[in-house]
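Common to both upcoming complexes is chain A, partnered first by chain B, then by chain C.
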Partner chain A sequence: MLRRTFIQWAGLGLAATVLAPSVLSAEEKQKIVSPNAMKFTDALDKVTGGKKVSESSKIKLVAPEIAENGAVVPVKVDVESPMSESDYVKRIHVFASKNANSRCASVELTPANGEAYFATRLKLGGTQDVVAVAELSNGTFITAKQSVKVTIGGCG
Partner chain B sequence: MDISRRDFFQIAAALGLLGSAGCATSGPKRVDDLSAGDIMGFESTGNVTLLHICDMHAHLKPLYWREPSTLISAPSLVGTPGFICGETFRDFYGIKSGSLDAYFDTYLNFESLAKKFGKMGGIAHMKTIIDAVRRDRGADNVLLMDSGDTWQGTGVALKTGGEAIVDAQNYLGVDVMVGHWEFTYGKERVMELLEKLNAEFITQNVIDNDPFSDNFEELVFKPYTIKEVGGAKIGIIGQSFPFTSTANPKHFTEGWSFGLRTDTLQSYVQELREEKGVDCVVVLSHDGFSVDQEIARKVHGIDFILSGHTHDPSPRPITINGTVIVIAGSHGKYIGRLDLDIKNKKVVDYKYKLIPVAANIIPADPAGLALVDKWYKPYDAEMNEVLGRTKGTLYKRDTFHSTFDQLINDAIRDTMDSEISFTPGYRWGTTVLPDSPIIMDNVYDMTAITYPEVYTFELKGSQIATLLEDIADNVFNANPLYQQGGDMSRLGGMTYDIKVGGQAGKRIGNVKVNGQALQDSRMYKISAWGGNLQNAGSNLREAMIKPVYDVTRDYIKRQGTVNISSDSNVNVVDYGCGCPKTGNVCS
Partner chain C sequence: MARKSMIKIKPKKYSVGDVVKVDFIVIHPMETGLRKDKKTGNVIPAHYINDIQFFYDDKLVTKMDIWESVSTDPYFSINLKVTKKAELKVVYKDNTGELNEKSTTLKPA
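Entry: the complex of A and B
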């Protein structure tokens, strides 16, 4: 019920706008150039600090194969983690590989979140990969991606 | 096609139902030395029978339906089930040329075999087969499963808002169904018809998507059902067409979200096995044959997928990762019979046969004929009107071009005086034999949809090129999960080259409009129906909007006799024939 209510807000476009800017403190914002203005590989590097990102079955990305509406593509990220003080997911990042502003969302998590789960809706400028990246508390990064097709529609 | 008590006993005798007391007194009705008993003959296996139908497209009456002579796909898929036709199909399944199976399953010698074997399908003939199986196995041991695309596709379906077909499903005794074109009657009508339907409608991949709804993010339909049959517990999960909201106008299903939803599919498989303790998991699907092969690779623990949508007849099941997949053609041409032997909570054996509904050999059930008459009667005068004649075969299917589509394109361009026409690459329709009359019912068979409007508008040359590439990727993407399962849109007034195996966005070249190279910056006058191209265009001529069946009817009447060339307007540069084998080999 809670999860559903949360997604409901996300559906209204509120969660995304509230959450995304909250990732960075004002101090951090001054220090770095926002990855929002970057292309995918640069934005990814910015977020990971150039560290290796490995594909993992622990991060689950759920997105449609073919978007019903490219302007609001539902995306869910679920990371398998104990979410304990010593082992938790610090951040979840979502990218659209070909959007001009490639980073769509970054969410900060703590063990208090209980589970590493995030859902939002993305606006996709065209057919491309949606990429989810999770930053773990040990400083490593894991990722999952899926191609999402944006089409005018075919014929049944 | 006349039915009598004697006919019934002949079939029963052929199937061994009457034992030694069988009282048939003369040989059964035969064509090419085949009797109804031969066609339905089946060595029963185990304790349960699943009968499967798909993509009937509302054909209550028998029809002619020619399978494709071109079925081109991405190079990696060529020659695999779902992408084989003609000689390749015949050789793949070991079918004898000139046989009833060759007539039903391939286009080879279609016209001459049509004279020999006659029409296909029809509910009265389907019912005879279904009843024979029910008697043979015991009615409690048989389930009739319908993979959808049942309510739409004929004039009588359209005019009764689908009701005639629901009545037919109740008559046939459909137990479980899923949908696709059903949804084009709109959400409210779907719910009304489901009230009248005796079958259970199940679907795990349609979710409420209206953020203001109380049911937001919840299932719209029951995701699965559990049936106790033949002493076994069978879990059946429904999978409706995943791309309904992109392939058909969104407004019919506004507030519902579709999609493959393999993650929830997997969780329902688990739920059925672990919590509900079923002996067998079946997915009743409208994903399409090739998509369901991918589903079998991704989702574990499914015993059987009863597939639909892509209209493939598959005489043999295919098995992927332990999941057995069957699909039963289209237009009521076949009934798939799947016998299961379930012992100790496991499927230990199965047997499958795709039974061709040969209307001249399988007798009609009189109640079915009466039902058809009842629903057609109010429309008989309109439906049976002879509009004109055709010299050659009028058919639908093939990847790029088919003659009935060409006729509709000719009608639209002639009526609307447009430079280019786009018509949809659906796989449903009808076949009219050469030198035959064309009746209005045939026109409805090709065009009866709830959004029949022909729109006339303008598109820029560069837009047309992009649209073509977009459509081509929906048909030729190498990953079946990104295909929508139809054929390429049909074009009037335009020719082009295509490299099917080319990169997305770079497949099409040498585009010509009425013989002249397509100019990127010029505006073209376009007419289209059955899609949503008008949303991308400008300067829509509202006064010219007219239903496609009226446009086609009037054109055929004006022409008197039509003679449509079977020459394609599309040049496929990377394939040498329409029905290639694996490795792009042509026989």
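Entry: the complex of A and C
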């Protein structure tokens, strides 16, 4: 009987020592919060000011469907526009919907660009949607998105 | 501190009126501020480029607001309409206030 209780206690103690560090590190992990952290819906609202965003075939977002390395995901945005003084693309925004800070880049264009085009490489923390939003000079917003499957995260 | 950066114009030969691709690459760590040093356990402070401005013939052509989700050694590509022989200057700033610039001359054939 005595031996049994001893084993029980020893087992408990062992479990506690094994569990404790992992619990601690998990708490520490939660403490690191990016000062720029912003959810995708909030970021989108901030950009559009609550206006309606419509999907359009005029905006093309090219991103890989499966990214082996989340640290480098090439993203290309093309918007069909004459880019004249009266009708041009004001801004192109790129979002990663599930990153801690979902904002990636906001590009302010002018008619001097000739064509509305922007390309960059993103870090993606996991499988998520990459969203491009274009603000046209007449105040409307068009969007396109592409789901990217990430096998190794890039925010480790 | 001067950073290594590069501006590439594609295609190599172009004339007035053409729309060329301007590729801009900087060697920069782009730390998110969420990563830990594996040896010391300290958080590596955020260090990323947050503002890039493209000037062509001293006129602001494109302005970018960048956040930490952009990859290490960031690459940006835009289009530009060539109007004359002029300087293309890229001014970039990071969140620690470090200001750098890189310029090249557009020479339409």
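By definition in this document, the second predicted complex is superposed on the first by the 115 of 156 C-alpha atoms of A that agree within 3 Å, B and C clash if a C-alpha of one lies under 4 Å from a C-alpha of the other, contacts with A are read in each partner's own complex, and residues count from 1 in each chain.
Basically, contacts are C-beta pairs under 8 Å (C-beta built on N, C-alpha and C of every residue); 3 or more make two chains touch, one makes a residue touch a chain.
What you are looking at is a predicted structure, and each value in this text was computed from that prediction instead of being measured.
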| item | value |
| --- | --- |
| Which superposed partner A:V131 touches (first chain B, second chain C, both, neither) | neither |
| A:V77 touches, of chain B and chain C: first, second, both or neither? | neither |
| Larger contact residue set on chain A - chain B or chain C | C |
| Partner chain in contact with A:S34 - chain B first, chain C second, else both or neither | second |
| Contacts of A:K149 with chain B and chain C, given as first, second, both or neither | first |
| Partner chain(s) touched by A:V53 [first = chain B, second = chain C, both, neither] | neither |
| First (chain B), second (chain C), both or neither touched by A:A100 | second |
| Which of chain B and chain C A:L122 touches, first, second, both or neither | second |
| Chain B versus chain C as contact partner of A:T110, first or second or both or neither | second |
| Doubly contacted chain A residues - partners chain C and chain B | 154-156 |
| Touching residues on chain A, where the partner in the complex is chain C | 32, 34-36, 71-73, 76, 96, 99-110, 112-124, 154-156 |
| Touch list for chain B against partner chain A, complex | 180-181, 211, 216-218, 241-248, 250, 257-260, 263, 424-426, 467, 470-471, 473-475, 477, 481-482, 484-487, 489, 504, 530-533, 535-536 |
| Complex contacts: residues of chain A adjacent to chain B | 4, 7-8, 11-12, 60, 62, 64-69, 74, 127, 147, 149, 151-156 |
| Residue numbers on chain C that touch chain A, as the complex places them | 19, 21, 30, 32-36, 43, 46, 56, 59-72, 74-81, 83 |
